[in-house]
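One chain, chain A, appears in both complexes that follow, with chain B as partner in the first and chain C in the second.
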Partner chain A sequence: MNSTALLFMGPAALLVILFFFVPVVITLGLSLTDAATATGLSNWKWIGLDNYDQIARGSFTMLIIRNTIFYVLVTLAFNVVVGLGIALLSTHVEAKAGGFFRALWLLPRISPSAVYAIMWVWAAAAPPFGIMNDVLSPVGVAPRDWLNTDPWVIVILVNGFVGASLGMLVFTSAINSIPEDLFRAARVDGASAWQIVRRITLPLIRWPVLFVLVYQTMSLMASYEYILLTTNGGPGLYTTEVWSLWAFHTALSNYYGNLEFGLGAAMAAGLVVIGLVVSFTMLRLFRFDELVSDPRVEIT
Partner chain B sequence: MVKLVAWTIGPDAPSFYRKDNLVSAVATLNQELEKENPKTTIELDATFESGGAWGDYLQKFQLAAEAKQGPDIVLAGHENFAPWVGPGYVIALDDLLKKHEAKFKDVIPTLWDAMKLRGKTYAVPQDTEARPMYYRKDLLAKMGWSKDRIDGLPEAVKKGDFAMSDLLATAKEAVDKGVVEAGKGWYPRPTKGHDHYMFYYQNGGEMQDKASGKLVVVPAALEKHYGVYATAVQTKVTSPTHIGSDFKIWHETVTAGKVLFYNAGTWTWKEWSTTYKVPENDLWDKVGFTLIPAAQKGAKPTTLSHPLAYMVTSNGKTPELALRLIAHATTPELNSRHSVESAHLAILKTQQDDPTYKKDKFLLATGYMSDFTTFIPNHPKYGAYDEVLFRFLSGVATGQLTPKAATDQAVAELKNQLRDELITK
Partner chain C sequence: MRVVLQQLTKRFGAVTAVDALDLEIKSGEFVGLLGPSGCGKTTTLLMIAGIYRPTGGAIVFGDHRVEHLMPKDRGIGMVFQSYALYPHMTVAQNIGFPLAMRRGVAGDEITRRVREAAALVHVDGLLARKPAQLSGGQQQRVALARALVKRPDILLLDEPLSNLDARLRHEMRGEIKRLQKEVGITAIFVTHDQLEALTMADRVALMSDARLQAYATPKELYERPVNQFVAEFIGSPPMNFFAAELGRRNGSVLATAQGIEIELPPARAPRGDGQRQATVGIRPEHLAIVAPGAGHANGEIYVIEPMGREQIVDVQIGERRLRAIAPPGFSAPLGASVGLRAAVDQLHLFDPAGGERLA
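Right after this comes the complex of A and B.
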């Protein structure tokens, strides 16, 4: 590698090392200690793999893994399917109407997270409160304390409405970049709307779909803020507790102030490893190397 | 001139005297100091911190203490100093307390037990309370109870004649007769907190070994404790969605007179009149309060206290002055005005004779509960212990687990997390 290349890569490489690589190393190091509020930053000691051992033996571990898989898969499906649906619909109507429709779907994303989550908490409040009860009871849905009776519905919708907007934006721009000639030709050949979507649109937006899938999977695995602000991992026995929220609760939020930084770091380190495995698996599954390989036909 | 900095949580109306009593104590301490050395005076920067959010408050202090930028005096729950002793955020006060023994001899002796860790004293009680079982007199009357029986309920509970099983049976009867809606027979605390452990203690539970200071779990008592909630849910006395519900809605529902029995603190009595605008006369007419009934007839009823306490931090250069300021804030006059304003019980023996305290009907009526009280333990790992017990309690209260399964798993998890720091009895 020549010095010019190093010079150009330097700033970016420095940022990656400082803000991505170093935190991972610190997290891994911290995970091998008993650092906690009770030790402060001066009295901690190395304890080897004890924290990992505790997690492996924990009664909650399998439950929280199952919750995390369920949360990521269902929310991801919602994000991609709804995002794709909005993109397809809004690109097939008059441009201004489509733009307005997409702008509406951006509202959850541009609202401050805490405000957005609190609005959901109020909307889902127990009877006689809650807009959801007011709206749904006339159509036969019994009023209920949604956050306690159907916590996953709320968790997935709260995250899904935010996540769908990202897919919507990416898919819309991808659809709009497909040459119009292909659609016209298909229509001339008598293709139905579904056939056009199935045979032209979807294959040509495979790369954006891959990007959204991988990005959203990673994002969902690490995200917990909306769960924290709505169900806080409950109700009951860790019903909606996911791995990243568990790490947060352990390391940074204990009712009695006994924060366990080392144990929480071990949980976070586990998440980093799982994230890497899932990323590589998805990139292989979607043949990422083929997507970024040089074109076989060179146009001059 | 010596500048002291004090942090108290808040503004936490109506408990604002936690800060203001320290401010008032400055004048009397300065008078005392003037006689010793006219050049020494103190100035106090006392602030409310974190708007009443405990998690934020504790974290703010920990970060400040670690950065050596914390206050000289910090107010917190008595159990909070346990994890702060290891890193040295707060100091042991035994030598200073001995030096100023006369100033603290009025403190009710049992409260000092809650201020200790491994034999050393790290805090001075600021206030205390009891956590009664409240009941609606008007709803019991609707069920056919006579006035004498209703008014005699606290005494019946105190004597052990009315047990927890009687309470649950009465609540079930109220639900069955339609006096209250299903799920509104008994409202325990809807969120995490110390109150739940009254039902563990009630069933013979222990939390800490006095000799070793280690945490204790008594599986038989834990199963019975979980059993109380399971029975309440199975009989529709309490809703399976109750634990985890909104505390504000909880208050609005109980103050609307829709719940027969409910647990809260003595201070909540004042909150109902100030925050929820229920006239105090109305409370006296319609709401009664007792100890937590005994598990079985003839056994001892219980309650739980959670004293807040002033601690002297290692950050301050003048810990003795900080403790002397606390001493001047720990007087019958100042503590009584806090007690009356916020419905907290006396921490000083002579408060019982204080004219302000003596005038308060509610404090006089609940004062006897201190004789039946229990405390949560002071232990650095108590947060982890509580997390495990509460999560499994939630599992039982939502019907996900039986009391037996929850107990077995909770004990296994406690052993996994606490190892040598846990004694199973």
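Right after this comes the complex of A and C.
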């Protein structure tokens, strides 16, 4: 590599090092200490892998892993299926109606997270309040205090709608970039609407779908803000607590006042490792290298 | 199968893309839809295919109206300008797609017919490749095979040759024409290249500005264009035009313009006495370069463009320039004085007002 290349890559590399690499190293370092509110900044000491050991033996660890898997899988399914569904409908119906639907679905993403989450808390309020009760009781769903009786429904819907809007955006532009003639040819060739989706559209947007799957998996595993703002892991002890929220609670906000930075850092580090493993597995599963064809222009 | 278009119209909002088109295509005929860019050719084809719904008018296949039928129920095969091959499928899967979409076509029958169609257009060696691994000409053949594999009654081709280089275009021109006659299919192809239309089609429908200007055999279009637009569009290099006064001398009609005087033969003179003005058209190949004073006009050589088989010579006559064709051996310095002689029975007279043919 010559110096010009370094010059051009410099700024980006610096940013990556400063805001990604350094925090990862600090987190890993912190995870090997017993740093906490109790120890302060002066009394902490290196404790090796004790934090990891503690997590592995923790009595809630299994519950939280199960919660996390459930949360990620169900929300992911909701995200991708709904996002894809809306994208397909809005690109295959008239363009104007499509635009309206897309705008509607983008609302959760453009409203501030806190406002959006609080709107859900209000919508899910206990009877006699709550839009959800108003809307669902005529179709036979008994009014209830959703956050207490069905916390997972709310958690998944809150995250699901935001994620679906991202998927929808990506899928819509991917579908729109498929040449119109391909759809016309398929219609002349006798394909039904479903066959066109199944045999033409989906195979041609495989790569964006994969991207959204991996990206959403990662961000769902790492994100906790909507759960924090709605159920905060409750009701009761750890009912909807997921791994990242657990790390947050341990390191930065808990009932007992003793914030265990070291333990929380170990939890976060574990999450990074799992995230990497999951995304590489997915890339393998979808045979990423087959999707990326050789460049048409050969560079020597 | 016979195809009839009656008063076929398509509007997109305020734009009229096709305006009251009447066209009858006989069974087994090969018809070219020719016209400048944006005149409505693709729109017409897409209405016949059933992709666009007509704003008005009728489309008849055989004896049945088909406007309400879906594309798949019209018995058509279509080749798109972009070829529209499915990029994620192999050549074999592409060609077999129309059969796979049909209920009740067995797997081995699909294989057999894919082979057959591929052999017809000489791509049977490429069945395992993806479209991205094919040349433009090969893609074009695969698209043809896909259009023919379900044995349609009507074949539609949208600018089938425009993405090919000049040599391949020439080759495929002949190939498609042969294929169409061999299969005996009714076919309509769109092109903006007059040479393509004239060489391939049995009849050419010439469109401009959403309207049909002429519908005739290539020979008729060339020899007896019905109006000035047709005369101008057909032929390369294009026909020369000049405004002339019509007068009479010794019982025959005389067309005169600055530096030009031509006595019209009776067959080429407008009937009656009423016409005082005309736009005279003469093709470059019907103008010969002669010694000064020996022709119908005199001028100076403006430029000579050698074309190999012939040379295109522009001759300046007063303020006007006429284009003539000279044999390869012709040579003269720029600015040399020459005469031009018109083959008078190849003159065309048009009404300066409406552009209609006078004689």
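One rule holds in what follows: the second predicted complex is superposed on the first by the 291 of 300 C-alpha atoms of A that agree within 3 Å, B and C clash if a C-alpha of one lies under 4 Å from a C-alpha of the other, contacts with A are read in each partner's own complex, and residues count from 1 in each chain.
Here, a residue touches a chain if its C-beta (ideal position, glycine included) is under 8 Å from a C-beta of that chain, and two chains touch if they have at least 3 such contacts.
Only a predicted model underlies this, so the values are computations on that prediction, with no experimental measurement involved.
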item: Overlay on chain A: chain C relative to chain B, clash or fit; value: fit
item: Which of chain B and chain C A:284 touches, first, second, both or neither; value: neither
item: First, second, both or neither for A:57, with chain B first and chain C second; value: first
item: Touched partner set for A:198, first chain B, second chain C, both or neither; value: neither
item: Which superposed partner A:92 touches (first chain B, second chain C, both, neither); value: neither
item: Chain A residues touched - chain C or chain B, whichever exceeds; value: B
item: Chain B versus chain C as contact partner of A:66, first or second or both or neither; value: neither
item: Touching partner for A:254 - first (chain B), second (chain C), both, neither; value: first
item: Which of chain B and chain C A:234 touches, first, second, both or neither; value: first
item: Touching partner for A:45 - first (chain B), second (chain C), both, neither; value: neither
item: Shortest span in Å between Cα atoms of chain B and of chain C, once chain A is used as the common reference; value: 51
item: Contact residues of chain A, present in both the chain B and the chain C interface; value: none
item: Residues of chain B touching chain A in the complex; value: 54-55, 58-59, 62, 66, 77, 79-80, 82-89, 192-193, 241, 243-246, 249, 380-384, 386-387, 391-392, 394-395, 397-398, 400-401, 406, 409-410, 412-413, 416-417
item: Of all residues in chain A, those that touch chain B in their complex; value: 36-43, 54, 57-60, 125-126, 129, 144-145, 147-149, 231, 234-239, 249, 252-260
item: Chain C to chain A touching residues, read off their complex; value: 46, 49-51, 70-72, 76-78, 80-82, 84, 86-88, 97-98, 101-102, 132, 146, 150
item: Touching residues on chain A, where the partner in the complex is chain C; value: 179, 181-182, 184-192, 195, 199-200, 203-204, 293
